[in-house]
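See the structures that follow.
Next, two complexes with chain A in common: one pairs it with chain B, the other with chain C.
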Partner chain A sequence: MSAQTRKLVALGAIWATLAFAPYWMVPLGGYTALGTRVLVLGLAAMSVNFLLGFTGVLSFGHAAYFGLGAYGAGFALKFLAPSTPLSLLCGMLLGGVAGALLGALIVRRRGVYFAMVTIAFGQVFYYIAFQWSSVTGGDDGLRGFSRQPLDFGLFSLDILSNTNAFYYFVFVCFALATCVMAFILRSPFGRTMIAIRENERRARFLGIPVERHIWIAFTLSCFFVGFAGALYALLNNFADPRGLHYSQSGDFVMMAVMGGMRTFWGPLLGAAVFVVLQDYLSSITVNWMSFVGMLFVAVVLFFPRGLLGFIRRNGES
Partner chain B sequence: MTQVLLFNITNGLIIGAFYVLMALGLSLILNLSNVINFAHGGFLVIGGYIAYTITPYVGFWGSLLIAPPLTAVIGLLVERVLIRPLYGRDPLYSLLLTFGLAFIIEDGTRFIWGAQGKPVTVPAILATPLSYEFFFITGYRLFMVFVVVATVTLLFVLLRYTRLGIRIRAGTLDLETVAALGINVGMLRSLNFAVGIFLAGLSGVLAAGQLGLEPTMGTGLLMPSFIAIIVGGVGSLTGTLLGGLLIGVASGITAVFLPAASEAIMYVLMAVVLLIRPRGLLGEEGMLT
Partner chain C sequence: MSALDVRNVSKRFGNLVALRDVSLTVESGELRAIIGPNGAGKTTFFNLISGLFPPSTGTIAFDGRDVTALPAHKRVELGMARTFQITEIFPELTVFENVRIGAEIAGGYRLRPWISRGEKREIERKVEETLKLAALDLKAHRLVGELAHGDQRAAEIAMALSLQPHLLLLDEPTAGMGDQETYEIAELIRRLHRDSNFTIVLIEHDMRVVFHLADRITVLDQGCLLAEGTPQDIAANEAVQAAYLGRAA
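Moving on, here comes the complex of A and B:
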């Protein structure tokens, strides 16, 4: 099999697995909402990896834009209009615009310093959501909204009570977002991002405005993660302040690293493993935090290339 | 009004002194080893709980002397076994590892000492207010400030005049050259890490007397320390000192006029500093950028 056909087969397998998830997950002991969670958090992890794996810039504060997406969607549904597409748009815009503004402040930093500044700025929104309880609901989160059925004119799709229909709605959103992401990565801009990751100094000598590219990549990644956050709010029918906390950012980075951060699909695999494991562990033990922590330690020490990186490397040798 | 303001400024200074202690430890480790120690808050909690456990046997003063070095020993073990393999790799990995470690420590303390908070009593001599007019200046708070000042002075003397300190400072500037001069860099990093964790342990013992003990207390104190480092400028310990005091006082003053924003003001301060002076107050250009 040539590399080209192998790639096509793998892609077909991924999409087929996702497309039929509600049908094979339930017999295996899962539930459809778990599959939806994997898709949403997988999209968030892929957005983080858009920056981490392809531009080589470590943001440890993406939960802020994810959470802003969730709150944006919630506010739109609660105060603006009961429309699901509008809420997604608002969530994405809130996350993306906040990312663009803060990104301008932090893109000049590099390495650990960049990571620290992103963490600290990410926490701002957590405190706002936590303190300003008259608007955001404080510790309880933003409640009192729910996703609305989709109206196509000729027929309407009830994504509120039919979990399978909602899964397919999220599936379509996920497919759209990943296609845009893949398109950007294949464009000259995407190639430039990878060039910056590989050798920033050389990219600079070639006349590439590095800061501007990193800022655009940061902003795009915030738009994607905000979109994922909006979907997450629709999934839960509420927005949680803990979705803004830096420990959520840590989970995203972990998913990306665990799946393989140099690969496009790795973060989705990482998200699947992480979500299923967390769901399972929290059902059998109260000490699930320790196990998640040990997973972090084990992945860092033994599988730094992630699952896909590990498989690919063994496949080559 | 003046008294309220004075109260809050004093309070801010005391809290700031406390952030300084935390942030200096973090800063030491960050500068030499390029590791953001997310588990720093966890080590603070360990220090506090160790002190709580040994206080019945050795008393408050004994625990103040014994708990920080014990915490440093635990930190040394962690550095040797878990963090050492990650030097030279992308800082992402040590960040993720210490992040997971923080989870394990928080869950572990909950497992060993229970999820309920523990009250901590300080000796009667420190617990009484010193004057009725300024009731808020308790002996314990003055004592805390005294310990912080003494420790910070000692740290700066250590860094300025001892062989270890000079090597640490040289390593911060150029580790490669230090290694080429035949200095055992692995050992240097271990000792430096232990000093940082010692400071975390000491913060834990002091915090326990003021705030009581809770498994989650470390996480809340971690973020102000980060901000102190960023405001002061990465790479400069004096900057960290200044940054910690500054955000402490700023949040103290804000607490008078707008209590809800006392936490947010730190972030505003950080944003302003990054806008006007991206490298931080005393940070040097090219340092860890």
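Moving on, here comes the complex of A and C:
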């Protein structure tokens, strides 16, 4: 098989696996909402990796924009109008615009300093969500909203009680977002991101205003993660302040690194492993995170290119 | 109008004066070599011209325009391209991909989230042209990080060429090369100069290359301009001989 066909087969397999998830997951002992969680958190991890893996910039504060997306969707449903598409749009805009504004302040820093500043700004949002109880519900989170049926004029689709229907709704959203992401990465702008990742000095002396391009990539990634956050709020019918906490950002980075941050699909695999392990282990022990942590350490030590990077390398040789 | 007009630049790093009151004018189409003993300030001089950092005093004009305050990427936009003493490339990309990034930037597609089929073909044609010029067309689909040192240097030059610059700044293009590789790079530079009429400023340690290629030579020593002239003038210059052989001579 040529590299091209192998790529197409792999892509077909990924999409088929996702498209039929509700049918193969249940016989294997899973449940549909678990698949939905994988898609949503996978999209968030892929958004983080859009920066980490393809621009070479590590954000440890993406949970803030994820959480803002969730609160944005919740606010829209609770106070604006009972419309699922509108709530997604509001969540994405809230996460993306906040990312654009703060990103302008963050992009001048590099490496550890960049990561620290992203954590700091992220925690600001966490404490706002945590303390401003009258608006955000404080520690209890934002409640009192639920996802609404999709109205297509001729018919409407109940995504609230029908978990399969909701899975497919999230699947379509996920497919749209990842297609846009892949499209950007294959464009001239996407290649300037990779140039910055590979060699910042060379990129600068090829005429790329590096800070501006990192800012654009950061902003785009915040729009994607805000969109994922909005889907997460719809999934839970609830927005949680802990979704903004830096430990959540850490989880996203962990999913991306565990799955393979130099690959497009790696973070989705990382998210799947993370979510399934969490679901399974947390029913056995409250210390589930230590097992996930051990797996993470093992992956980083033995498969430095991540699980997918390892699979791909072995598939080639 | 000269391609490059540097007037009285100085550069201080804290207490260290790396460059003191250096001026230099390069005419369009000229190949200028900058030589000097280690620590003479040659690379600092290049960094000032290309905009890695601003001079402490003095001005730099490029194609008749004052660029002293412009950041590096703006100078590239105006047509200035450079290579580095230690090769700066994108090692995990192929030669083709390395050069394509430059070609797309030169085409004005830097911020474009899409590219049409026609534009893509046009870019690919330009990349192939550049690769042919740098004699890398047969290695187009190899990863740059896996190439021999000499080919990596050539790839870096090809990246600079892909920007279609008016001025090419080459920082020790033959650094760390054997005789054969040195010869090949020197031939490439000669072709760029004679056939394609690029304006080139080059820092070089290998005197065979310098005297073979340069129209004029500028000699820096301890941050100061020591001499400037044709290769014959410089070969005969006693101050230059003294600087190279040691001051006691």
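One rule holds in what follows: the second predicted complex is superposed on the first by the 315 of 317 C-alpha atoms of A that agree within 3 Å, B and C clash if a C-alpha of one lies under 4 Å from a C-alpha of the other, contacts with A are read in each partner's own complex, and residues count from 1 in each chain.
Everything below uses one rule, namely that a residue touches a chain if its C-beta (ideal position, glycine included) is under 8 Å from a C-beta of that chain, and two chains touch if they have at least 3 such contacts.
All values derive from a computational prediction rather than experimental measurement.
Peer 1: Applying the touch criterion given at the start, work out whether A:P209 contacts chain B, chain C, both or neither, answering first, second, both or neither.
Peer 2: second
Peer 1: Touching A:N199 in the superposition: chain B (first), chain C (second), both, neither?
Peer 2: Only chain C; A:N199 stays clear of chain B.
Peer 1: Applying the touch criterion given at the start, work out whether A:R108 contacts chain B, chain C, both or neither, answering first, second, both or neither.
Peer 2: first
Peer 1: May I ask you to name which of chain B and chain C touches more residues of chain A?
Peer 2: Between chain B and chain C, B touches the greater number of residues in chain A.
Peer 1: Once the structures are superposed on A, label A:P188 by its partner contacts, choosing first (chain B), second (chain C), both or neither.
Peer 2: second
Peer 1: If we overlay the two complexes on their shared chain A, which of chain B and chain C does A:A271 touch? Say first, second, both or neither.
Peer 2: Once the two structures are laid over each other on A, A:A271 reaches no partner at all.
Peer 1: First (chain B), second (chain C), both or neither: which does A:I119 touch?
Peer 2: The first partner, chain B, only.
Peer 1: Which residues form the common part of the chain A surface touched by chain B and by chain C?
Peer 2: none
Peer 1: Can you list the residues on chain A that touch chain B in the complex?
Peer 2: Against chain B, the touching part of chain A is residues 52, 58, 60, 105-106, 108-113, 115-117, 119-121, 123-124, 127-128, 131-132, 246-247, 250, 253-254, 257, 287, 289-290, 292-297, 299-301, 304.
Peer 1: For chain B, which residues are in contact with chain A within the complex?
Peer 2: 30, 34-36, 38, 82, 85-86, 89-97, 99-104, 106-108, 111, 223, 226-227, 229-230, 234, 260-261, 263-264, 267, 270-271, 274-275, 278, 288-289
Peer 1: Flag every residue of chain C that touches chain A in the complex, lowest number first.
Peer 2: Touch list, chain C to chain A: 50, 71-73, 76-77, 81-82, 84, 88-93, 97, 100-102, 104-106, 109-115, 159, 163.
Peer 1: Any idea which chain A residues touch chain C in the complex?
Peer 2: 183-184, 187-192, 194-195, 198-199, 201-202, 204-210, 216
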